[in-house]
């Protein structure tokens, strides 16, 4: 089954990278986690995203991880690989290597280190060069929290004209801009919410799915938002959306990847440690996190 | 009819302050504009808001303007007065004076000049003191674009506990936060979108109305969004929402109050000049604005 | 003695506004404080600056305060009045009224509420209009911490061409920009440091004085920095500059105006309360402040 | 001669990485450039800094570049290698490999991708782990323009307690903070200005040198600032400092690395192209750059 036969809609978790006791990538843990996620109606997964600590992985670790993941991900589910680096040439290289390892699409973050020089023209040139050189379709990844760059809808619309640029993961959450991207682009351009905090409103204005950290720990709840919305049950969707916000906040801005991994551990997945300089949650933070999971009815009170 | 008998839902334009040829407040123009807006099913008006150039008005001008407006606004429509200043004492004084002139509620902006010291505690103290001293109900006004302060949902929920604080106009547009405010507060706390750019998504997550500059120039379109939404016609609402975005942008971030007033002039209202240091649109900007109005089908092409 | 006969160099404190037990302006306290400051070789004072809580004062309070101050300030010392408001017309009016009450110059803050529209052109228009209409010379006041606007050196140089715009108080502290303003302007344009944190480096690159909160509580130390510098004793100046930084921080960013007033109280001046929504220091903050004053050898340990 | 026998003072350019016609690292061009810079009294060089486009280089390219550079840099001059990555483990590895290739010290940028989690504790843990594991001394690299992280002086002072952390390159330019770092640290901690825009003021408050892009194109002018300052010729130093600001701006914020490389080409060095997504200067920008070089008397008018 090729990427073009799958529909890029619905819910895709950006999965964390498990590390073993010596800090090495823990392949079996990743495979085990994916097996469990496979039991949900998730449309696929993002590997090597920002929740995957990809900036902490070596080139070889990235390639090996994709091989492990592809074996664990059934062909009818998307495997999207985060392949964006700072340079166009490195992004092209990794995108090709990801394609060779079975990635269905590449998620390409906006280069950002020289932020002042990342003009619309420079960024469009980057995405066009990557899309030209890639055998798999490209998704733009806009995440101002990490990059301090926020693509405007006009620039995204220009990028969307490239036939091999098929969508965007927008984690900025400017809902007016998301609506405007829908307005400016066609049906074949897939706009995906980048955080569970605004999944329903993004769907409401025309997004077709989401790539959201919270889907790692609450896949069913996030799928429920999606399916209730597609059935037109608006007030029920809104209710679920509001309910998931504290949980979403806990595994993103508040406790970060360390919180996401700790939550996975509490839920019986293999979360494991983060790589330094990220730091683990302390005991008090773990209790706060646990209380949020209990409130969200993801785990039971002790 | 008292404020408590009106429902604070639906659409309220924050009306601009017309100035005459010598820069003085043009009372008849204001009354005339209101007469025309009165023909729509608008729930009421905000006077002395940020679109009203209130920071450019003297204390006496503000009071006189409220008197003129109240005469032109029928009793069953809200007259909400922007009464927030930097100091608590000045805010209390103006709020009382606005109530004496028939304001149904006061819209109180977050004090912001000493932004670093405007802690949640300082701001809560301010709003509680004003709400205690006021005979009319208080609406919080959160507008980070102008104040560089963005109230979080936890602080708003704390403020909402005061019986005389009945809602918030949120112009920040963080849709996840708007959803979270709905989650944290009760039915009697009215959450109003502060910009037309996210009116529908705000309604979708639980807001009950909006105070939006674009409602000055396109009242029917904004009312249509509201009424289509309340009828559950989601995809039609989304379509209208997306369509209104360029128009909304033109009279807010892009061309500002000068653009809003120029658009009113084009539509046959009395917009008039802005007060310096604001500057008027140049010829090219006016043509761009006109083109946007034509595209939005608000005026006809020449 | 006219303003033109005084030299706008050296050290000028921006004095706080004392309030009495009921929150009213405490004129005698102001006069008493000025009497004591008059014993130092300060070049003058700024009244109605941001340290004077001017945004919390009514128009009438401002005028009365200037009258009190002028009586307490000897003719050979500058009385500079903060007269900048949001509108050009209000700024012109207050500048004229300040001149009538004996102000030697007006310190005009950048209008900032509609920050996105305060282009270089809008701001230049504002300053030129005020300077044209004023009988006393104008000083630009650039304070990004409060206004979120930071004038660039090119715009300042353009403003400096107006014969009645005689200088700038720059509180932003971008030392490269301060050097560049010196480069771009002539000797008759007075560049004054707006914070004690960078007084010496500003002098080193060509500033001629400073208007600094810390000069209220440590006038002699700040004067020493100025006089050691003018004598060419660079390493001694640097030593003093470094030493004053914690003290400066305590009465600016860290504890704000409440801290400045509390420090004045500890030193035997009449600081008094702040106006809400500003909040007073709590007991722990007061102890921290006291410790900093002791470390700086401004007061003795208890 | 070991690193401990050299003095880490004076002027060190952060050299760009020349690329050849196919985008590959151009080793001979680098060696040639270094030969020419060796004729000045520069204290050494930074390789793999942000001006070296290090984020665009592969691991292998970095190691090869250090080998080439070490051969071209005489033993009595510092070769400082930018070895900081996002993860602690990658930073340790590259630091060791740089040491093996003759680097005298490592310049370690603050990790920043997960900016919200880069607390003082996380960053201190990172620097301590790297310093512990490194055989060569560590310099902190604080560059908020690129990282959106600005270390405060208290955190830097804590890091400075580690015996193998010998200094900081501070590109933020907060001169008050630079003074405060001098105050809080001892003589053995070397504070270096990170931009030519504030070199003299940094020296004035106690910095001992600078690592500045402008030193690539105007080494003698920057050395003159340093030597005039050390001779106590303050007004002459200030004059030179002011004069160099437009030149410094041209090869940093204004035209970036593409501007730096274009200027090197104009001066007869081998600047060459930048790697995409950075873009080259267009014809108009090149003319503006040339005019600035002429004004600065670095090249002659055509």
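What to note about this one:
Going in written order, the chains are labelled A, B, C and D, and every chain counts its residues from 1.
Going forward, a contact is a pair of C-beta atoms (placed from the backbone, for glycine too) under 8 Å apart; a residue touches a chain by one contact, two chains touch by 3 or more.
Not measured: the values here are computed from a predicted model.
Shared contact partners of chain A and chain D are absent; no chain touches both.
Same-residue interface: chain C and chain D share over half of the residue numbers found at their contact. The centroid of the Cα atoms in chain C and the matching centroid in chain D are 36 Å apart.
Between the CA-based centres of chain A and chain C the separation comes to 50 Å, rounded to the whole angstrom. Among the residues of chain D, none is in touch with two or more other chains. Against chain A, in their complex, chain B makes its touches with residues 173-176, 179-180, 182-183, 195, 197-198, 200-201, 204-206, 232, 234, 238, 241-243, 245-246, 248. Of all the residues in chain D, the ones that touch chain A in their complex are 23, 50, 55-56, 58-59, 86-90, 111, 113-119, 121-123, 125-126, 129, 145-146, 148, 253, 256-258, 275-279.
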